[in-house]
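Look for subunit A in each of the two complexes below; its partner is subunit B in the first and subunit C in the second.
Showing the complex of A and B:
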């Protein structure tokens, strides 16, 4: 959309609206616009202006929506219905790829996106704001969603000014309306006898010159101003205190209201489905009976669903209050950190379409009311914004490979060299990727391993050597269990390397403290490899390794080898048999009497979150600051590139911004329940 | 759910107290039936074949609730013969519509229904299979959904976890573009509490969901009950829960009130709301 110089507004009699539709049709566009169906205004294909909902108006309240007939000739005399335009820009179901398996051979064929040319008719100011938010979320990040981009580029936006507002509308407080100011090709303001029309882009100018309408009169232009002012006036007392809201909300993560609203919340996900900016998705598989051909499909998902934050072995947000807090804080606070804008455009859909009438405006006012003047706000304990998240310097530990791993969005094929048992429930998957770019994986990065018919699994790289990746995998679910049956020569899909790993550079010249719990040693092994490759460039190196039992320890021969190569290897187990002569207890006991004060030591920690919490506390006591303690976080990951929404912790996408973070970056969110 | 079963798994389909509709879903798979029989050995399926078996089974699909002493003995025996036991349908999962008798005077109901009640030997309660033996997976619905059945069988073949979402019906409604019959139509819809899997059929035809797939994870019954009670008498709201899944724990309180009120157990007399 190229913005044009504002032209003098024109007037189009209502009877000539079909001329506009005809021009759009001649341009090869399908027109999507409002129709009255099943008691609501929904967006569907419009062939002629006669299909528009003449005379209909709406009445909205928390948990309630009704359409009423009036004698008005107006076609747009209602506010927003249940559906946003995301139905057409990010459809509920999108084919992603076809994954096939033929014996040991696999292939992954991405679906081709060839969206129709569309024209959106009747887009309101808040909805334009929502499209612009989607642009930032889906098309402006490090990874752009091509399907969204193509659909958005193929859609013309014909806006309609709101001249009335419903009781659920609050665009004025979110700064998105009611006036249409940007992001449109044409804008219509409906009067009793027709439309005042203006163009907002060169494409809109062309349309307007083809329509060749008369200039709008002064009175007509005044009616536009008055109409918008009337809508604005309705909303004067029904908004949210948006100024400073993100900080206030993140200060109130422990507010008792979260539990109270959870007593009412059904966790049914309607708010997220009707929200025009909620973007979270999951990928499903439709397979034939043998799993030979598998169609993968991306579909709308919601942070209110039970499986959304689940990983093998647990759920990071088990309670309704966790999920409501995640949604509300993301929408109104951490969205700013991630995308430089609020996630809320004030359309009020989540209020009207909540089956039990929960009103975000009331919840925000109860949880995060404006601070009373003139008292200064209490000192905020809040996580730093993404602005503070700088790319960590990372060195490749295989010097033959280019330093900057190229990002790869597509799944490529890798061949299994071997699968070998490591402990009772873990095994090593040794993969030779077709795409050598994967070998550029840096310590702490991960890959998505894809088998046709299964959900892709994020696995950290536990070594790169000899043209192959070593992955240490725990057989925790069906997909990882299926890896164990792979024979040498079989193929899997691989995508990556992904995420931000251990900043080995930060440890140069310093003592290095590596603390691992159980399988947490796997992503740390490349860090050890990197340190040992240039051992004389680091100070003292300690590996503190805790495991449930002696038999649960990974890489037994290497533990000895590291000890001989200049690493102090300390080990401890929870439970031991008579054969164990070492320490018994928790991993922090290995750190208890250490002292790194004044030594600027750097710590890399990976293990269960509780273990990392205890470890961080011990390390800080021993003199390592939060900025020099790095932890690797685990969350549910689907896309690996920050667009599916599953792995969020506060402002962070663990897949894209992590999985390695400094404890200072995570701040108050580290170890917090229900995040 | 375990990983892939053997090359040609031995499958049984059996029923306890039920109407057979869920079993018939298997026959309704039509064009998938032959491919299925090439991949699974159907060793017990009285609705389809007179060939009988006593097991053992790699996979056993169990329809129906435990309503008689024989059924109780049978399910315990079948469990011992079965690797993966899958309950299919609201009767097997939740006790079915017949579980309404769990709050009633069972001999009185029997006498009211059967001309010669002495011939009938049934337990005082109709209970889900999982109250008696371990269940490995369940397919919800009254009846079950053919796509979910196919997904279960496919997942067993491939070795993946069956994709049986625990989310509410609302998501599927919104993905389909259905207009909410509760918010826009004022109908008492149980979709927000109900596990998905049906494809949101009823709301797609303008009818409220009556929870035949049963309560979902985190079903917040008191909240929706209270909300619906703003416009409907409590007895009517209670009755919404006294359906095929009445005995499932989240629905039990309102269902019990509905049954007791209808039969004067609380002294309120018959059908006080009628």
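Showing the complex of A and C:
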């Protein structure tokens, strides 16, 4: 959208609105606008102005939404209905790829996005703000969603000024309204006999010149100003104290109110469905009965759903209070870290459509009240326009790591060379990818492995050698079990390499402490390979490896080989029979009473979270600082889409910002329940 | 092990003995301390034994085992040089909580349990040096046992996504 110089406002009589619709139709656009249906204002295709909700107004309160008939001839005399425009910019279901299986051969075809040309009619200031937030989330970063971009570029925005506000509205306090100031092509302000019209882009200017309306009178322009002021006045006492809110909220992660609100919350996910900026999705599969064709699609999901945070490491937000806290802190706090803006635009939908009437304004005031009442209303901070958006710098300790984990549906084919058992419940999947780019996987990075008919599985690369990837997999669920039946020559899909891995360069010239628990050795093996490839460039190297039993140890022959190649290999198991003569206990016992003080050692740690916490504590006692301890949160990874939201820990998307983090980066989030 | 003196020198290098005062070392030496070597497979004490010694591992490795019917002897912890074996000799009812077996040739500095208990009762200064070390050893085992109890390396989720 190219913003045009402001032009003198014009006036379009209500009866001529159809001329505008005709122009849009002639431009090949489908017009999406408000209609009164099923007791609510919804956005759907309209062919003429007669379909607009003339005379309808709405009444909203916590847990309450009613449409009322009035004598007013106005067409836009409501505030906002349940649907945001995200239904059209990020639809509930978007096909991503089609996988087909023909015997042992599989192929993956990315879905092509060819969105309709649309015109959104009746977009409110808060909704424009929501579109701009979506731009930041889905289009601005290096993890851009092409489908969203195409839909957004194909939609014209015809805004409508709010001249009244509901009791649930609080755009003023979020700095997003009520006045439409940016991000539109045309803006209409409805008066009793028509519309004051202004253009906000060159496309809008063109439309306006085709309409050739008369100039708006001084009185009409004054009515616009008065109308917006009236809406603003309604909201004077019904906002949130947004200034400083992120810090205040993150400071209250242990507030008892989280449990209290969770008692009322039904975890129905309504708030996230009606929210115009909630973007979390899941990748699902639709398969035909014989499994020959399989459609992968992205579907709306919600952090309130019980299984949303179920990942390989278990369900890390099992309690409702965890999920409510995740939603509220993400929306109002960590969203700033991720996208440089609040995730809330103040539309109030989550308040009206909450079946039990939970009001976020009330919860925020109870959990994170401001330290003092501001003397003046907080300054309005508007999100920048689409043109001004620049990708936000992401936390990075290793700028050399090239990563582009956006979901581009670019699954390529890999051929199974072998499947071999490692231990009773783990096996090695040896894959030769068609796309040699996958062989560039760095230590600690992961790939998504896709079989038609199953959800793609994130698996850390456990070695790159001989033009092939070695993946160590635990047969835990349906998809991973299915891998075990693959025969040499069979094909699977591969996408990646993804994520931020171990910063081997940070360990040059230093002692290296590698601590692995269970299958956590798999993503650390490439780090050992990298260190051993240039062994003389590192100081002392210790591998401390804890496993459940001696039989559960991975890579047995290599443990000996590493010991001979200049790595101190210390092993310990949780329990053992009398035949085991090695150490029994927990992995921290291998580190107890060691001392790296003043030696600038670097530690790489991977295993179950509880084991990593104990290890980090021991390593810190031994003199390794939090900035030099790297942990892999690989068990949090879910779809590898980069933006689905499932793997979030505070401000981080594990699959994008991780899976490897320094303990300093994670801070209090590391090991905190329910984050 | 040439003499008890050199055993005490070794003791001073491990965490348990480091920082013990000359007074404490002398008093400990009076408690029928003796250096003892075990061959791999030798049993040092048996679970339930109420006359077992208190020992400090100087070299080698000791496995602490529990006998579980139908599963056999399960090693629940190994004790490495510097650490103690038989702390139960100092805590009522003085019965060994597990069976201790040398899994490799092992040197132990052993103390007669009754003599040691008597010395600790009679000498508060000695008790004030020794008991915190015992407590630390027991606390570490408790911590380790808790982690083992969690059985972290199994797939515990009732349903996994993949």
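Please note the rule applied: the second predicted complex is superposed on the first by the 628 of 675 C-alpha atoms of A that agree within 3 Å, B and C clash if a C-alpha of one lies under 4 Å from a C-alpha of the other, contacts with A are read in each partner's own complex, and residues count from 1 in each chain.
The rule we apply is simple: contacts are C-beta pairs under 8 Å (C-beta built on N, C-alpha and C of every residue); 3 or more make two chains touch, one makes a residue touch a chain.
What you are looking at is a predicted structure, and each value in this text was computed from that prediction instead of being measured.
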item	value
Partner chain(s) touched by A:479 [first = subunit B, second = subunit C, both, neither]	both
Touching partner for A:418 - first (subunit B), second (subunit C), both, neither	neither
First, second, both or neither for A:132, with subunit B first and subunit C second	neither
Touching partner for A:305 - first (subunit B), second (subunit C), both, neither	first
First (subunit B), second (subunit C), both or neither touched by A:104	neither
Subunit B versus subunit C as contact partner of A:268, first or second or both or neither	first
Touched partner set for A:583, first subunit B, second subunit C, both or neither	second
Subunit B/subunit C common contact set on subunit A	307, 454-455, 477-479
Subunit C to subunit A touching residues, read off their complex	15, 40, 61, 63-65, 72-78, 80, 82, 101, 103-104, 140, 143-144, 147-148, 150-157, 159-162
Footprint of subunit A on subunit B - complex, ascending	1, 3-4, 32, 35-36, 39, 153-154, 157-161, 163, 165-168, 170-171, 174-180, 182-185, 189, 191-193, 206, 216-220, 222-224, 226-227
Subunit B-facing residues of subunit A, complex	37-40, 42, 63-67, 82-83, 87, 92-93, 263-270, 273-274, 284-285, 287-291, 299-302, 305-307, 320, 352-357, 453-455, 477-479, 481-482, 485
Interface residues, subunit A side, partner subunit C - complex	307, 310-315, 425, 454-455, 457, 474, 476-480, 517-519, 546-548, 552, 572, 574-578, 580-586, 588-589, 592-593, 607-608, 610-611, 614, 638
